[in-house]
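Remarks on the structure that follows.
Chain lettering (A, B and C) follows the sequence in which the chains are written, and residue indices restart at 1 in each chain.
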Amino acid sequence: MSINIVNWKGIVESLLFAAGDEGLTLKQMALVLEIEELQAEEIIKELMEDYQKDDMRGITVIELAGTYQLATKKENSAYLKRLVVTPQASTLSQAALETLAIIAYKQPITRAEIEEIRGVKTERPIHTLMAKALIKEVGRADGSGRAYLYGTTKEFLDYFGLKKIEELPPLPEKVDEDYLQDEADLFFDKVQLPLAFPGEGQ
Amino acid sequence: MEHYNVKIDAFEGPLDLLLHLINRLEIDIYDIPVAEITEQYLLYIHTMQVLQLDVASEYLVMAATLLAIKSKMLLPKHEEDLLDDELGLGHEEDTMEELVERLVEYRKYKEAAVDFKEMEKERGLMFTKPPSDLSDYAKDVQPEKTELNVSLYDMLGAFQKLLRRQKLQKPLSTKIARQEIPIETRMAEILDDLRQFKVRKSFYDLFPVLDRENIVVTFLAMLELIKRHEIFIEQEGNFSEIYVSAMEGGDEY
Amino acid sequence: MSINIVNWKGIVESLLFAAGDEGLTLKQMALVLEIEELQAEEIIKELMEDYQKDDMRGITVIELAGTYQLATKKENSAYLKRLVVTPQASTLSQAALETLAIIAYKQPITRAEIEEIRGVKTERPIHTLMAKALIKEVGRADGSGRAYLYGTTKEFLDYFGLKKIEELPPLPEKVDEDYLQDEADLFFDKVQLPLAFPGEGQ
């Protein structure tokens, strides 16, 4: 098979390196290499295996939002953090995460429906998520208001390291009762004093 | 000092607060003691008011709902049925059931948000590189005027990627530069500052660095120093200059 | 030697990868790894040897003016050229989209300023965007170079369905700033009281 004569793996590695965080789809690879997508997939799978097998490698191939790209191995993150600064290191707020979770699992969904679930106004988290390109308007709901419907974006998949939306963990049906405990205690530790004398000021 | 950190958004809304209370009281979400939960809920709302925090209207609506459920449950069964029949209302279980349903539904997404947080963190452990500059390979290639196939969101998405892209530290050092300023440190600095000059200083001169974090931390530090009787603040008249001085014999901090 | 226990080669590979075209000096590596420069040199020599030995690799380590960096192997340049020429799945590359976003939000802006933000050369994306009539030269910057200033066109607005440039969604930093502002306002509302009676307790 010609795959063994032409150094396909090496070529794909070059291409992935050059593409950087834009990544490459199987289709693009197949086009550039003038091979079938299935063959491209085979090559990339082999390359991924090589990377995985070799503990000495510091980089690896990851699949993100339908593209393949090179990335550093997670184990080395401590050293990388010393080397580089991530300008937008700020992570999403709790409100934004909840809102995003609802959109991810129930898309397409209107703001009113999200607010119904959360029990609070959700304008600001939606605004933030739109600005961060994690969600987008995907249409309009039927009905008098013709409200916007929201859905997740490609950037959403990239941001959370997902290959595709189907890869989302299943929505928890049965919840561990302890999960809230820590943050809750934190709050009540702080406000214990006034809590003890609620009527004092009256 | 600590309660200055409490924000109204310590909870993500009335449902979140209820879930918290249910957890704290170690009760079953499907078997909520209405009287107790209502009392706890109102106590919380009251606390927020004592702390002079805005209580969003959603919290008050929920308080009313809880009170309505509670008072209906206090009525003897037959009277309540009569009342319901008269008013054409359902049973109190319906309202409670509805609330439990909402809590269960909301809890699913709150839990999912925990997963999302974890995924966000995991993804942050991997670093990528920007696309290489391939202009040398494309000198003689003319871009074609083809149909575009991108949306505003693609553009925003690309821009986000750019913003998230890591940059080499310059100058390279082994420590990450940005650090939160502990209030204690700022308190000590203010005291040193005031004691060194032995005269009162203008309130405004105590804010040497005018970024938000510094202003807030300095302000909190001053409040704490006032509380501990370590500094003294005077103002001769409305809108006139505010002066700050160190108290004599204040505890060494 | 401890070099064999910690996977130094892998870590150095990660660092070089993340450093991209800027590369790393031995001094930088030594700083990040908290080792001597001599040790760093030893590690990088070993890594270079590994790359050399393995014909299957598509990338390699090169040394340029005292800095080390990863680069694609020369043999594969024909494929990189094809990557540039091959039509993209979306007709604008990520480089072009990034550049367009920067111009849209920061216009009028020079190429040097765009490159400052992106950290890479941006000649080609600008070329592409000009050819597609999404941007145009809108003037010249003051100063010795009299560099061209770029801005978006009417076609840009048409294409993205905007009536005017102000309709662009706000940038996330902007959103975050607004949010912080609100928070700060809230905070200052709250703490006004103690300030009003500062000496009361004395």
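The definition used in the following text is that a contact is a pair of C-beta atoms (placed from the backbone, for glycine too) under 8 Å apart; a residue touches a chain by one contact, two chains touch by 3 or more.
All of these numbers come straight from a predicted model, not from anything done at the bench.
S.K.: Quick check for you: compute each chain's CA centroid and the global CA centroid, then name the chain with the smallest gap between them.
M.R.: Chain nearest the overall C-alpha centroid, as shown: A.
S.K.: Would you identify the chain whose Cα-based centre sits farthest away from the centre of chain A?
M.R.: Comparing chain centres, B lies farthest from chain A.
S.K.: Whole-Å distance, chain B centre to chain C centre, using C-alpha means?
M.R.: Roughly 30 Å, centre to centre.
S.K.: Find the geometric centre of each of chain A and chain B from their Cα atoms only, then give the gap between the two centres in Å, rounded to an integer.
M.R.: 23
S.K.: How many angstrom lie between the CA centroids of chain A and chain C, rounded to a whole number?
M.R.: Distance between chain centres, rounded to whole Å: 20 Å.
S.K.: Note the residues in chain B that touch 2 or more other chains, in rising order.
M.R.: 127-132, 134, 151, 154, 156-157, 159-161, 163, 165-168, 172, 174, in rising order.
S.K.: Among the residues of chain A, which are close enough to touch at least two other chains?
M.R.: In chain A, residues 17-22, 70, 72-73, 80, 82-84, 88, 131-132 touch at least two other chains, as defined above.
S.K.: Can you check the complex and tell me which residues of chain C touch chain B?
M.R.: 14, 17-22, 28, 31-32, 34, 72, 77, 80-81, 83-85, 87, 90-95, 97-98, 100-102, 104-105, 117-121, 123-124, 127-128, 131-132, 159-162, 168-169, 171-172, 180, 183-184, 186-187, 190-191, 193-195, 198-199, 201-202
S.K.: Could you pull out which chain A residues touch chain C in their complex?
M.R.: Those in contact with chain C are residues 7, 9-22, 25, 27-28, 31-33, 50, 55-59, 70, 72-73, 75-76, 79-80, 82-84, 88, 90, 124, 127-128, 130-132.
S.K.: Where on chain B is chain C touching in the complex?
M.R.: Against chain C, the touching part of chain B is residues 4, 7-8, 52-54, 127-135, 137-138, 141-143, 145-152, 154-163, 165-168, 172-174, 212, 216, 219, 223, 226, 229, 232-235.
S.K.: Hey, which residues of chain B end up touching chain A in the complex?
M.R.: 2-3, 5-6, 9-16, 19-20, 23-24, 43, 46-47, 50-51, 56, 58, 62, 102, 105-117, 119-132, 134, 151, 153-154, 156-157, 159-161, 163-169, 172, 174, 176
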